[in-house]
Amino acid sequence: MKIGFIGLGNMGGPMARNLLKAGHQLTVSDLSQSAVAGLVEAGATAAASIAELARSDVEMIITMLPAAPHVKGVYLGEDGLLAHVAPHVRLIDSSTIDPMSARQVAEAAAARGNSLIDAPVSGGTGGATAGTLTFMVGGDKADFDAALPVLQAMGKNIVHCGPTGNGQVAKVANNMLLAITMIGTAEAMNLGVSLGMDPAVLAGIINTSSGRNWSSDTYNPYPGVMDNVPASRGYTGGFGTDLMLKDLGLATEAAKQARQPVILGGLAQQLYQTFSSQGNGALDFSAIIKLYNGAIK
Amino acid sequence: MKIGFIGLGNMGGPMARNLLKAGHQLTVSDLSQSAVAGLVEAGATAAASIAELARSDVEMIITMLPAAPHVKGVYLGEDGLLAHVAPHVRLIDSSTIDPMSARQVAEAAAARGNSLIDAPVSGGTGGATAGTLTFMVGGDKADFDAALPVLQAMGKNIVHCGPTGNGQVAKVANNMLLAITMIGTAEAMNLGVSLGMDPAVLAGIINTSSGRNWSSDTYNPYPGVMDNVPASRGYTGGFGTDLMLKDLGLATEAAKQARQPVILGGLAQQLYQTFSSQGNGALDFSAIIKLYNGAIK
Amino acid sequence: MKIGFIGLGNMGGPMARNLLKAGHQLTVSDLSQSAVAGLVEAGATAAASIAELARSDVEMIITMLPAAPHVKGVYLGEDGLLAHVAPHVRLIDSSTIDPMSARQVAEAAAARGNSLIDAPVSGGTGGATAGTLTFMVGGDKADFDAALPVLQAMGKNIVHCGPTGNGQVAKVANNMLLAITMIGTAEAMNLGVSLGMDPAVLAGIINTSSGRNWSSDTYNPYPGVMDNVPASRGYTGGFGTDLMLKDLGLATEAAKQARQPVILGGLAQQLYQTFSSQGNGALDFSAIIKLYNGAIK
Amino acid sequence: MKIGFIGLGNMGGPMARNLLKAGHQLTVSDLSQSAVAGLVEAGATAAASIAELARSDVEMIITMLPAAPHVKGVYLGEDGLLAHVAPHVRLIDSSTIDPMSARQVAEAAAARGNSLIDAPVSGGTGGATAGTLTFMVGGDKADFDAALPVLQAMGKNIVHCGPTGNGQVAKVANNMLLAITMIGTAEAMNLGVSLGMDPAVLAGIINTSSGRNWSSDTYNPYPGVMDNVPASRGYTGGFGTDLMLKDLGLATEAAKQARQPVILGGLAQQLYQTFSSQGNGALDFSAIIKLYNGAIK
């Protein structure tokens, strides 16, 4: 298929390469010329501008951008996608943004006759490179079905979450819960160990009890409990504190707009902000346990 | 084996019956004469007092009491267990109390020559009746081994958590984490549904993603997502809000004594207190979602 | 002076009337024709559009709008103020919005040669009517000085807070602190009374001690402690819960953009959201004490 | 008057000296022999034991002890005060403990025929030395009146708070509110300054607005805003973080026993615990602002 791809950063770059590997023809655009050059070397064609890409003969355009203002700029800007793209071109936004913005852009696309689905991902740069991302997709079922083969070239788990915006809803709800369970696990592990328990024994008990959760049994924040997790390599790699902080900002913003309380979610955002303000923004998000136990390295 | 059993309430009663069924000889004591009468009818012998029970020819004594003051009273009181029991009698306290109190009583027992292990349970009255409780045991490995066959008559999962007090530590750490993950799951489910997602679809995504936890995949608080959980029967049955509140009180008390922060744990305690103060103490603890969404019945 | 006034709602209406009373000539604009008619009856001239008002011979334009999107629309819109106003016209925005938006609009004004100061108010509709508002002003000192006589016709306390945006900063910082002290006062009063103290005696002690604050000594949330406060008339009148919720949203948004934690501030926002979600958004913000004590009416 | 004084620490020592200065005859007791020696040098008589002090011809006994277990030990212990003191001797406990313990000890005293009032203080070691403490007194009005002249030798502000235990209630309620307002003030100051405001200007605005509180206008935590406060001398002196932490522990314990929520109070406790765990327990409690802004020294 002829596909346009806008946004070739840490996530978008490897995603685009996986599309090339799957045999698709790619036209790409990014503010970074070196990112574009890398993809061209791998077989893609460079578009001189978003407008040019929009007017080319692509059948589908995928965007992978840092935040809502970039998404609005690329789609709604005076010389943006919607001003130039033909109505039959399918649009997929894989950026992680707040659900309301996702719906606003999708409505603008619909008004022009284009279908736009939101398809944020989880799985990090590792999943983007390996092609094992999870896509949480919001939009019509027919549009989901049409996008499925393309998304499968980049991910393993492609879930239809309901109408437009629901991909973003699923992502912010899940990641807010992840932040809460991670901090809770950090507190429980630190409390138990400070009261005399061996961390591995405590994790074993929790993982067969009602406190069990992904942060305790797959990504334990206490050093030495599990191999191959950030806690066992100084909290490097993984999902950064500042990325979690961004997602918590989206979750509380969505809650504010929906006029719903997220009491632990709001506190989780503030605790990650506190931890980031103390200079830890680049550490994996499981490092939040250091806020509780300064002796953990 | 000849076993003494003190405390025949909602939990202790069925536990004692399971010991009788397993063929043990029981001498029992409780403030409630009807509770004692019930056990006598089932084959137990009644002791006129704790002192008499302590001086009888039992080889082991199990206590199952509501809170630390009762445990201290029964063991350390002027006419209590330690004042009368022979040194070779093994002592097991299955009450849920704070780790410091557990260690204090165990030290007093050790000073008299008795081994005392702490063995709080999880699994509720259902598990007590079915004999499928989990026992979290603190004490010497040899004492744990000696108690194991007896505990197996009452439970399915018997875990050695380390030295004296660690059974209590494991329980309060796990249950604090349970409260946090339950409230977090309630917030995430309510947020997602209020933003337009189907609750079952959202639960499905969370349960295959990083937000996954026991409260989301085994005990989901949103009505209609799972059968056979309190959320699908008006939050009746299960583990009561006020019991969770008691455990959170123990967790924050233990954290205070250990001089460790439990930031989400402390907030969870206050939220359950708020919910209980609004008249919901008898509802299952997953009903906390009603604090967020008044429309849930 | 010839002054334009845009936004004639609950606050803007009485503010504009005070300008008329002080002898200024007013040209006004509002989406509500009845609001415009009321001011015309009081002596103002109606402008057919924002563009017309901008192109009239006014020397100063004051805007009083509900939220940042309205402010951006009125100033930055295609047919908005900045597209039509002459460079010498002084601009004053008295809306309460986030500091970043205030600075963004002020920069756009500066680029066109207009000075724009932010001048949010406190004092409520009562202060707007009585002309006793507090104005917190951000902008150059010369612009502040030029605006001072006009602001004095509407307010009593006019404070220069520093460069552009600082008026908004002062307002959100103060109101976030107000929310925290109000909830804290509610908790302390409820705790003390539930432990047996007379509320008036407790308030008296706090007000001469280190817990003293505006919410305890001027606006006490416990019924019967003070006359002439919302707590003594069923929490009617005053500063509404949903208005406080809006200001807390601005404070946490500003903190997010500044990458600073506001831990109690974030929790205060969530608690007011919880209280509002339970149907109390129209009650005075001191009614938050009902979240703690359901018996208070 | 002939007065017994038990507990000659940082607070009790200077309080006892002020009684001597006022002309009272003192019999003293403390675990520290050097503390006793100091008072003897100043004119007091040493008692060999609490029992001896209790049996001496004193008319009143004042206790000033670190925590509830010490108070219970001194009053209720086998060889304690109540076992030996004559019924007419008036008892005053100036320790800061939880209200329930205070009431429990007072009831035991009443059962022996002795009146015991609780009279915790605020004002710190400075107030103890200067004789300017505030006493918050719980007990019968007649007992309050009888104690008044003695308390006036040690303090300036003597307040009757109602029946037994209410002195403790007033103190924990006030100090919990103090912790909340201090953290709130720290957050508001840090937020405003990070957004570009001068700290002194911001404090000035808050102090004439609805955010005004003792922590903002008398004890501002931002360095340089006020002279002669701990913030302007590296957070030395004043009221230590760990003392505030102790009072917050009493407040949340009292709330737990009263089954009332203290949501911000509970979070304040956890934040002070976090700050203390990071090695700051000896700093003045206004240093909590450093949790938000690591650049503040």
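We just call them A, B, C and D in the order they show up, numbering each chain from 1.
The rule we apply is simple: contacts are C-beta pairs under 8 Å (C-beta built on N, C-alpha and C of every residue); 3 or more make two chains touch, one makes a residue touch a chain.
As the structure is a computational prediction, the values presented were derived from the model and not from experiment.
Separation of chain B from chain D in touch steps, taking the shortest path, is 1. Centroid distances from chain C, each centroid being the mean of CA atoms, peak for B. Over half of the residue numbers at the chain A-chain C interface are used by both copies of the sequence. The two copies, chain C and chain D, are related by a rotation of 180°, based on C-alpha atoms and rounded to the nearest 5.
Repeated interface, listed pairs C-D, B-D or B-C, reference A-D: B-C, with more than half of the contact pairs matching by residue number. Chain centres here are Cα means. That of chain A falls 40 Å from that of chain B.
Between the CA-based centres of chain A and chain C the separation comes to 37 Å, rounded to the whole angstrom.
As a whole-number value, the distance joining the C-alpha centres of chain B and chain C reads 51 Å.
Shown for chain D are the residues in touch with two or more other chains, namely 255, 260-263, 265, 267, 271, 274, 277, 292-293.
In the complex of the two chains, the chain C residues touching chain B come out as 267, 274, 277-279, 291-294.
Remark: chain D residues 99, 122, 134, 136, 157, 159, 161-163, 165-166, 169-170, 172-178, 180-181, 183-185, 187-192, 194-198, 201-202, 204-206, 208-216, 218-219, 251, 254-255, 258, 260-265, 267-268, 271, 292-293 touch chain C in the complex. Taken in their complex, chain B has these residues touching chain D: 249, 252-253, 255-256, 259-263, 265-267, 269-271, 273-274, 276-277.
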